[in-house]
Amino acid sequence: MSTTHLLIELVLMPLVAFVVGLAMLLMLRKIGARLQRRVGPPLLQPLFDVIKLYSKRTQVSHGLLHEAGIVVAVGAYVAIETLVPVPGMNGIAEKGGLILLSYLMMVPSLGLALGVGQCANPNGSIGLSRAMTAMLAYDIPFMLVVFGVAWQFQTTNLVELVAVQQAGGIATWGIVENPLLAIAGLFGLQAMLGKQPFEIYVAPAEIATGPMVEMGGKFLGGLFVMQSFQFYTAGVLYTTMFLGGGENWFTFLIKIFVVVAIPLSVAFMFPRYRTEDMVRLVWKWPVILALLGLVVAVQ
Amino acid sequence: MNAIVLPVVLPLLAAFLLPSLARIWSSAARVLGPVLMLVSLCVLWTTWGEHPTPFVVALGGFQPPMGIAFHVDSVAMLFAFLVAGGALLMWPAWTDDDTMPRLAALTLLLVAAATGLALSGDLFNVYVFYELLSVASFGLVSARRTGAAFAAGFRYLVISGFGSVLALLGIALIYLRTGTLNIAHLGQLAPESLADPFGLAAFALLLLGFGVKAELFPVNTWVPEVYAGSSARVAGLLAGVVSKLAVLVVVRMLVVVFPHDETRMLLLILGVVGVLSGELAAWSAKDMRRMLAFSSIGQLGMIFIAFSIPGEAGWVAGLALVLHHLVVKSGLFLIADRWGGALQSLTGAARVSPFTAGLFVLFALSLIGVPPLPGFWAKLQLVIGLVENGNGVYLGALLVFLAATVIEANYLFRLAVAMYAEGASSTVTAPSGGNRIGAAIFAAVLVAAVFLLNPLSEAIDDLAVVGNDATGYMDSLAGGAR
Amino acid sequence: MNGEVGRPISRLLADVDGARCERKGDRRVRIDATPENLPAVLELLKGRAGYLHLSAITCIDWMDDGEFELIYHLWSYEDRNLVSAHIRIPREPGVYLSVYDLFEPAGFFERDIHEMYGVFFEGSPDQEKFILTEWNGPPPMRKDFDAEGWVQGTFQWEDYRPEWLQEIEEKGGGIAIKPEQARANTRKIRGWKQ
Amino acid sequence: MSVLDQLLVFAFMTGAVASFIGDRRFAGTLLAILYFGQFLLLVKLAPLGYGAQPVVSAWQPALFGEVLVWRMDALGWYFALITVVAGWLVTWYASGEWGQGYRERGGNLGLMHTAVAANVVAMLLLLSSGNLLSLFVGWELVSWAGFLLMVMNGRESGGVSGPAGLRYITYATLGAMALLAALAIAHHASGSFEYIDLIDAVDQMTGPTRVSLVIAFALAFTIKMGLLPFHLWQAPAYAYSPGPGGAFLGAISSRVGLWGLAMVFGSLIGIGRIAGIELIPGWFDLRDVFMWVAALTIVLPTFTALRQNDARLLLAWHGIGQGGYMLLGLAAGDALGTGGGLMHVLNHASYQAPLFLAVFAVMHRTGTSDLNRLGGLVARMPLTFLVMLIGIIGLAGLPPMNGFVSKYLVYISLLRQGEPLLFILAVIGTLGTVLSVFKLLHNTFLGQLRVEHMEVREAPWSMLIPMLLMASVVVVTGTAPGLVLDWVASAQAALGLPVLDHTLGGAAGLDMLWVSGVLVYGFAVGTLLFLSGNKSRRVHQFDNYAGGHFLTAENQYQYSDQFYAGLMHHIGGWYRASFTWAESVVIASVDAMSAAANGFFRRTQAVFLLLLATLGSVAWLLWGVGS
Amino acid sequence: MNDFPLPVRAERSNPLARVFDELIDFCRARSMFMLHYCTGCGAIELPPAMTSRFDMERLGIQPMVTPRQADILLITGYVSIKTLKRVILTYEQMGSPKYVIGICSCTVNGGMYWQSYATAKKLNEYLPVDVYIAGCMPRPEAVIEGLRKLMGEIKAGRANSWERYFREYDRYLAAQQNLFGPNWQTPTDIIGEARDYQLYGPGTEGRHTELLQQHQVPLQPLRMTLHSDVEKSS
């Protein structure tokens, strides 16, 4: 692979992720609206929001770290996008792997956490504490799933993972080979995206959207961008692990949209759990499922 | 006649003369004892230099096995040397008051008896010296004339008396069987006449009888009270020196006359129980003297364990432990002279006297066995000796010994940490100058030993060869006396 | 039982000079007391008759009489009966005793009355501003406070006359008293704001 | 005189200098220079890190027929390097204002310098030990030097350092005695204290002997490492040491346990032989015991750390937890696992020390390390914050810092060996660490600055430069882990373990150069995106959303106490303090036995006992001989 | 009243820039995050406006919970003096451009509380109000109509009354001081903000801001400091 090619990929991959992620944001709101029998926002609403937020005249910052937090949150996702393979573009996916990615995906949230911390708002800190707890909760089944997938396919390399699944057709897809892990993974995905019933950390009414409490203007815009990346990454990662990655962009987009649509649809049907209930729930069912899946995988 | 009898005879004579001398010329009387000790040391030193091989001295010209004999070999010389040296450093009768003559006389008596024990090659002689030793120590123990001292002294007296009876019984049994009391001769006769239950019973009686002074479990219940009740120097003398002489007697009998597995095992088991009981009791002792007393029970237990190991390894370990314990425990008892009260009162004592506290830490470190201090090398020899033996009971003893060391480290350093605690003000006063100097000399010996480990280890190896050489001991009989 | 409550209370208060007891309804008793004997009345009611709950203290400004009327409402959970003890204190200087020692909740009511009427309760724990933290004017519930005048002097009015309002006003509707017809002299009241 | 001798002599000299002039004003600087000299000597030994033959000391004293040998190999050099650099930087840290402050607070600075120097000497002696005897000597020296450092902080620590140190020395003596037992067994088996003889003898050993040898060694080394269930001593002992001392101890001192285990697993006995000792045949062997102990050591202390409200204790507890990763990797036994475990030693030292130092810098300025009494200090101590930030990212094991790389190797090793439960325990440990260190950072540096800390100043450069140097190690070796992996590979070779195949960017499919590069690229994009908005304006911390409430200096608008209340609501009941309870049971039983022994000496009728004992002994002997 | 007319935003000559400006105005109009400050009964009409019957979201309007994120401040009902303080605090914490909508008659002239000593009458006196939606209470249609009107103004680039608050701060402060007393202060440094963002106008400072600065607690942010130069900021 030539250097130019690689550079183009490095630019293109985050860009694609951003666009698809915005579409996913729209999908989120559309699904919510449809479920509540509303019309929902227009097609370009996420774009309007982002542009409006970035074009705010006054921007309130609580310090360098507040700004750096947003930079890290967005920047780390930009980096992450180059590490997940998409059809036709592998980027530098071979330099990392599933485990690196699992940990790298904590970096944006932690970067954000720094920014929130400097906002000096206890609502934000409470939100952080809850978000961290949620992370501790859902990462355990998620890492079990990662282990199971890596064991199943005997690799942590995402490119190889895709190659193996595509070589064998649907029968070798993770979801077919090990549906239990796939279900556990979906559960983890729900929590990872921080949607209901796992959105105690934002809790708009009681802690004023938690970590986002002091984020306005381009700070909030950065968070929108970050969220779109997050949706995209989650979808791609799940697709890569269980749905054989993308043969071409068409099937790939269908897969990732379907994957992300499931938790988003589930989200609007539930109220939210309290922190300890969330921990209890996530440490029970997904973990049991994942462990059963592991037994299957190791057999 | 040989100059070697002088260390026994001179103190004995002086002990009887001293009260009279004290009336005439008290300052001369005061220095008489130490001077004699110095003389003894010189005599022993020169004798040691002249006679590298064992020899027998027949007292009054009667040749052994008929006569009364001193058996002089390097081990005996070492112990005699230790007695004189220890007594010199721990001399308890520096006082200015009217107790001085009595104390000095008793100490001289003690020294004479102890030296006699070290040199004696005859069981009857041993018994006599042992009794002499007991009498002297009764006097010394109750010299403080406090209620506690008398009570302790009485307890000591009772146990000691019964011990003497037992020992005498054992001696009687042996004499009944063999018709002789010369140890070397006994050694020759033992395989035929004493290697049966009768002989072994005699050994058990001897062991427990002499074990009273050697702080052998379970006949050591006098130890804590006596050490806590008597003056620190006396306690140091008893713990550091006298107990070792009793050990020597027992071990001599073990090696020369009763070298059986059963006897060794008995010694080992009593030693193990001694270690356990001593260290455990020390762990919750409430004052420093008792703590040291219990600790010395434990240490003596270790020494018994060491000597129960067959072969030279046991002697190496035993001798090393004996020497180490003598130095360290004597030093500690000197420190405990004024610091003997409740342990709580020592909190913050390091600021009263940093030097003494430092000495305490040094002694404690060596007692626990921290390299490169001599205590470590002594314990290492014990550990290697135990494990080389490979026997299950010896391995059990090793485990007990290791566990006891942990307990030892805990209680010694609980005190050390308390001494250095900040913000607390101690009520104790600094030890007297003499005690400090004495302790410092012991500490200096300890530190010097670190640098002289190599020659020391060689010397101990040589001594161990001699000590373990039962045939050599017996052969000395044949060599005739001078 | 309910019919009987008036009687024990009147018997209870028989020793108190000047306290008059009157049944006003099934569950209501009115006591007319004097400022001097009110504490005694309340103490008796609390200690002997089980009126443990002070549900409110009410104040009425009788400007023309130059008096404030204070009404202490006590509730008995046993008798399910409300007793209202009325006293009148002179409007000037408007000082009365606190019953905080007897009923702790009185602290709040007294603070409120102090804020709204300017009555000072001696011995009340805290008579700082309570609800009207921004208020610098006279105690607003006093009858001599001209709220409308104060409003006129303090606030501006939006120029808000939509057509439909004009139509209504032409028909004589709209706001009852137009701002320009307001009565009080605003200057005088603004003097309070120092 | 070999370079090793020069090094040891130089280290002794440093110690001597420290003890003579340690309390002078210039002493810290001078000592830092001397440590740097030691460092240069170590650099002279650097070929060791790239596969050279071990260096032997010329001085070999013989005592009681045993020889003390000092020989430094790649493993020892690797550890020694960490030791000396840690000693150097913490002394530098203490050389300036911190030392002044310490003295003003009533500390004995000279003694502290001496203690640190003594620790370095003892560590060097231990790490270059050439046979079991010198190992034991070094071992005890390290233990007692550490003890000195732990207990010397009496008044500074509010009097708790003494008990903590006492607890430590009791555990340490237990470990030392276990080592002594191991020595004895080895001597019995091989007839000498030489490593080579032991290695030869291991094959001839009987099963029980080998098991007891492994157990004795393991006991000694795990106690020093603070592995479960012997971990209770470590946190308070390290936390209440004087700052630089605590940093030194936390960074490297307890890792000598790992060094010992590496020798046992590598050359002395061999992980294969340990795995051959099957406890439940086919299911569970001795190696699994080590791995499970390691995994539990990762999890339990980490979650204990999560509950701490004192920054020092929090870090000290994490130090214990991190030891679990090292052992887990080492016990995994393959090239990846051992490589990760060994690399984690340097990584851990590189972030634990600056973290400790940062906490002590905060303490130096504010006088407290209570996490509920701090907050918002990032505006006042930004560089200290930076150090702590880098440190916690490393400690949490997140990319791109070095902590991730070593943990990654361990993860991959577990993955390849198919150990999902151990893997998930390791992950849980990491997650717990993330939570806990974020609390540390947040409660110290983020949130509202307290009124009493408005005037706080940044730590002086004498403290900052050492911290920043260490933090830079975290970043550099995170980006280019190959630098360290070279040394690790040499150490593996020296131990006879499989050697890790690596590049400059990492191993096992990980290339940190790329990852770091792409992160930088991502941050650049993020910055551009951020700057595309209008410029931002900084506001005061009271200009904050509070539901319409007006914030003032009087009310603390900060969330720090019970930071993870929700989580604790769920798992709080799982903290049972079982180990503390077990420890107290042991103490209580010793106490009871002690009371019994005391009672024996106080109450027993002596004469009766004497007769009884005599009869018993006689009977025993008679029957013994008769039968 | 309009002593200082707002500067009219000049159309930029570069057509691209003009498109850009228009795009931004368009986006601002199509994406309005509102903070509903539910001071009174009018709030009851907002849920119908948001939910399936009227569905504000199709206009790009969605509720937000903190002033930092919001563009519109909806004040739904009477504003007591105590509430007004919080309203002002909240308004100042919002990021510009920001719009205020007064819902219900109470925000216009006090409504049924016109006579009350404790209720602010003319909200526009204290904050620049963009749109009033009168009625007691206005129905959701009316609310949406008001929002659409505001939308049109924004799209046309005319909804600039928020600039008034910066450019004529002294006037607003005067009204606030009149009500809250001379010690009134909010944590937001409006003057500094106006300077920073070129919103400083002739009426920004004046008599009342002088009074404010006499007792003002300093509002400089906590600046990161390396060494000695720690400013006193308490």
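Points to keep in mind about this one:
The chains carry the letters A, B, C, D and E, assigned in the order they are written, with residues numbered from 1 in each.
The rule we apply is simple: a residue touches a chain if its C-beta (ideal position, glycine included) is under 8 Å from a C-beta of that chain, and two chains touch if they have at least 3 such contacts.
Everything numeric here is computed off the predicted structure, so don't read it as measured data.
The chains that touch chain A as well as chain D are E.
Chain centre most remote from that of chain E: B (centre = mean of CA atoms). With centres computed from CA atoms alone, D is the chain lying nearest the middle of all the protein shown.
Across every pairing of chains, the maximum count of C-beta contacts belongs to A-D.
For chain C, the chain with the farthest CA centroid is B. Computed from the mean C-alpha positions, the centre of chain C lies at a distance of 72 Å from the centre of chain D. Averaging C-alpha coordinates per chain places the centre of chain B 44 Å away from that of chain D.
Here the CA centre of chain A is 35 Å from the CA centre of chain E.
Rounded to whole angstrom, the centroid-to-centroid distance between chain B and chain C, based on C-alpha atoms, equals 98 Å. Multi-chain contact residues, meaning those touching two or more other chains, occur in chain A at positions 53, 55-60, 62-63, 208, 213-214, 217. Looking at chain D, one finds that residues 376, 378-379, 449, 534-535, 537-539, 541, 543-545 touch two or more other chains. For chain C, the set of residues that touch two or more other chains is empty. Applying the touch definition to all chain combinations yields A-D, A-E, B-D, C-E, D-E. Note for the complex: chain E touches chain D at residues 66-68, 85-87, 89-90, 93, 186-189, 192-193, 196-197, 218-228, 230, 232-234.
By the touch rule above, chain B contacts chain D in their complex via residues 155, 158-159, 162-163, 166, 196-197, 200-201, 203-205, 207-208, 212, 218-224, 260, 262-263, 265-266, 270, 276-278, 280-281, 283-285, 294, 316, 365, 368, 370-372, 376-377, 379-381, 383-384, 386-388, 390, 398-399, 402-403, 405-407, 409-410, 413-414, 417-418, 420-423, 453-454, 457, 460-461. Those residues of chain A lying in contact with chain E across their complex are 29, 33, 36-42, 45, 47-49, 51-53, 55-60, 62-64, 204-205, 208-209, 212-217, 220.
If you check the complex, the residues on chain C that touch chain E are 131-137, 140, 145, 147-148, 150-151, 154-158, 160, 162, 175. Interface residues of chain D, counted against chain E in their complex, comprise 376, 378-380, 382-383, 449, 451, 454-458, 534-535, 537-545, 548-551, 553.
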